[in-house]
């Protein structure tokens, strides 16, 4: 049964492209709770593949892509990564959810297959895996960029943190609490909430009575929107500061004017005042009929990085690919489709300039650009 | 003190929506002795009917809402009963439970595939606005949720107790065989029950989606909490579902504010276990006679 | 053991299990192993649900208990062969405790209690990170090494799982065909009558529940070295529903029903992958259609079909007994 | 002094506003066949359920051979040697006839452990086969009980009650819905048990013909109370009984 289907799909693809093809496997959250992120990531990759193939492919070979749905289940993702390896994938794209990546990345590592992930939990690049590469920096890189803002701009003495109680939120939360401790700022209220939580009345009410100078908000997009609406309803006046998920276009669409005034540190944003990124955003919405978020950009640049790095090596060599990427910087002037100059360190951790943004009148406005972390 | 009042008030407002979904549970339980595991999705779906009306058919909001209501009655009421419940009733409760779980998956996937996996903004029925009473914020939305919910429940109770159709529905639910002998069209009455459930779910959908946002997965937690509310309040009583909904809403908020955020979800569940063990008919329910 | 037609089929099945992974890639081997692991969990639930008629939505919670206990022990250097019985016993005892509500409430209400239990277990695993690693979970659990046979390689671990699966099936078969099994069925079909015939229904209910739970614990105990990473989300309510689906789809109350069901539930997404985003829809519709037209599941359907084809009475009875055991 | 096999003393049971059983006392002697009759709703079944542990009586006591058995569970009572049948069909429909009968005896032999690891039929197949032979349903041995006719299921139900060799069997409307041929068969079987093994019976029955010809003594209940007691002939001519039936 498997073989028949694999054969059928191979046949279909064979008709569409020349015989030689480089296999790319997308292993992402196409259904289940991670579907919004996973499908964006996939769409970004597919857009990049379309462009790459239109311009001659990689080293003259057209990309052949297979999509695998993890159903947002780490165990299934592990199986699918091994399947992608069995099928001879050159590079594996994904997964986006850290809980899945942490399970499946060792399969790719053991097989020596480079893996380009959307996951942001700190521990992914802290396990000495030489084959995993990020498309966005981990929370331990992003969150510290905010310390200065709390200390210098807001002159905060005591802060509160509200976070989503899963591996994503806990990663950000732990880094934030450690950073605040280093900066001598007291964390006076620490409020976790469930992924998918809808009722933030109690959370906001606790923040109101806590009397913090600022609140660090580390929630997923939809929860951010619900949180902002409730904060507005209850008249919470404390400055709200977050990471990329607090001020995304999605959040602004959902929360309406409740999003105004929210401040965030953003690694990738379709609203960045960078022409290449804005152009990408237009291409993306023209193709898919909906807006991209940072996951779409992550998939797109991740796929282009595969092309650039492979062509630098001049061969489809997975070991060389991984070696090359460590300590590599892809300059946006030479590699325009990276959208921003992007570097990877020896752990596969990513560095790239980033932005401080504020929502003003329903628009994300970049207030400052933060240099890439060293 | 302001905080407590605030939290209780918010809890009541949310709880009133839990109650609307929970009543549907109790009605279907009475009529078909089954549990609808897709109840959360029944609340999720009508919002998308409305969005389709607005975004694809160019309807004004009021018309789109009527359109959504009509579709809900047709699909969640009549079709659900005819296609799923009727053929499965004779197979016993478990089959129906599994089937409703499958239906829940189907509804989520349909929305995700043909609309979007992402949350959508949804127009509020009630204008924004709030009063600040010395620190306690009372929003127009919360108050109107409570009022609408009470009006619906009083209306429903009157309908069930005072009208002929309502009394026939109750008779059919309590003892189908006897009702049949008394000339009640039991099948039609059970169908009415499913329609009423669809209407209530639609109403809950219209009220809660502006807060929860329209998303394929937004029914998951709501369905769970609604049936906890139904059991805690009393599975065979409309006012039991009301009490259960409000209680869970308030308790949830008080727990999150004063006791624990990590174990917030545990409190309704512990309450559920305690009620099932010590008062299985629910706080306001009547004991169901157990035949030997 | 008499050489009957049924035994022949079982031998063929065993031979297929042994031959299946040969020449296959790691993915197939992984999927086959995970199928056997879930089969164990589903067979356990089948004892509780299919034989004794107690609806449980807690099987993934018992898997979690088994998996975490095994993980914590093996991470601390204790061999799997010691950790596994502790995990299974803990699940058994916990099953006894959770089974007590089953004595007071029946049917749907038991489903609710077990559902609540599953979510409570999830919350504890997620929140008590000092012990369980919280949302990050636990990783790096070793696969058992038996000196001459190291299960570190995927294929070896597969055969190790086959071995455990066969032992487990034999034990389960012994239970099902023993007077206990008959009492379980009596409980399912007519509890009051069973009690009037001297069956201690309280004890039998608890045992059915606890044995099913222990099987969940065993499955969890295999899950840990298989995946070598566990986190709370892998044991959430959704997975209990999934195991329930395996039992129902395969055929509740048939000995090998859950094995078929687990195969279908695990393989179907793969088989339907060419339909891209639609497979879950097809899946859901299939389940509904199956339940409406064939409430006894696939094995039940197979029985009906084979009964129609094989009209000879002798053959039919043999098959029936074999399938139902 | 010798105790009666079963002695019922002042048993009462109330449901809400209805006094279902009101201060009922009687004895059952070893070896007799006692009929329990009364109009619909007179409390016969409730009384049975009080005697058999399904209900807790509100007051009163029940003793078996002089030892108190009030409040014991149905399974404990069965293990003490009390068998019963049910008014509604009460077999295990998806199990075979022979399995139904074996289940009826297995709890009486061996321990929990031997029932798990011992012989799968607990060594009862022979006894069960003999019993279904006795009830003339041997040809149905391997059929699922649910596929049997109503009358056959009634016979199976009765066979199950006898599997554990009880000293006392309570039969709840054994003749209800059974055709005449089967009825003759059933009566003959019951009488054979009574004469061969000395098994004692208490029978609830609406079929007067059946009761009068089977029982040696009859107790009449009306509105929860005993209104008459005597031989079939005495009951037939008792004015109170006739009034109670006509009044109902």
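A, B, C and D label the chains in the order they appear, each numbered from 1.
By definition in this document, contacts are C-beta pairs under 8 Å (C-beta built on N, C-alpha and C of every residue); 3 or more make two chains touch, one makes a residue touch a chain.
Because the structure is a prediction, the values reported are computed rather than measured.
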{"item": "Identity of the most central chain, Cα criterion", "value": "C"}
{"item": "Most distant chain from subunit A by Cα centroid", "value": "D"}
{"item": "Averaged-CA centre spacing for the pair subunit D and subunit B, given as whole angstrom", "value": "48"}
{"item": "Gap in Å, rounded to a whole number, between the CA centres of subunit D and subunit A", "value": "73"}
{"item": "Intercentroid distance (Cα basis), subunit B paired with subunit A, Å", "value": "36"}
{"item": "Where subunit C and subunit D are represented by their mean Cα positions, the distance between them in whole Å", "value": "41"}
{"item": "Sites on subunit A at which at least two other chains make contact", "value": "31, 165"}
{"item": "Interface hub residues of subunit B, defined as touching at least two other chains", "value": "109, 112, 262, 265, 292"}
{"item": "Per-residue multi-chain contacts in subunit C, two or more chains", "value": "126-127, 192, 277, 280"}
{"item": "Of all residues in subunit D, those that touch subunit C in their complex", "value": "52, 54, 73-75, 78-79, 84, 86, 90-95, 99, 102-104, 106-108, 110, 112, 115-118, 120-122, 142, 160, 163-164"}
{"item": "Touching residues on subunit B, where the partner in the complex is subunit C", "value": "35, 84, 87-88, 91-95, 97-99, 101-103, 105-106, 109-110, 112-113, 227, 231, 262-263, 265-266, 269-270, 272-273, 276-277, 280, 292"}
{"item": "Residue numbers on subunit C that touch subunit A, as the complex places them", "value": "25-28, 30-31, 34, 126-127, 129, 134-137, 139, 223, 227-229, 231, 233-234, 267, 269-271, 273-274, 276-277, 279-280"}
{"item": "Subunit B residues touching subunit A - in the complex, by the definition given at the top", "value": "3, 6-7, 10-11, 14, 109, 112, 116-121, 130, 132, 137, 139, 141, 211-213, 215, 217-218, 220-222, 252-257, 261-262, 264-265"}
{"item": "Subunit C-touching residues of subunit A, taken from the complex the two chains share", "value": "1-2, 5, 8-9, 30-31, 67-69, 71, 73-76, 78-80, 82-83, 85-87, 99, 102-103, 106-107, 121, 123, 165-167, 169-170"}
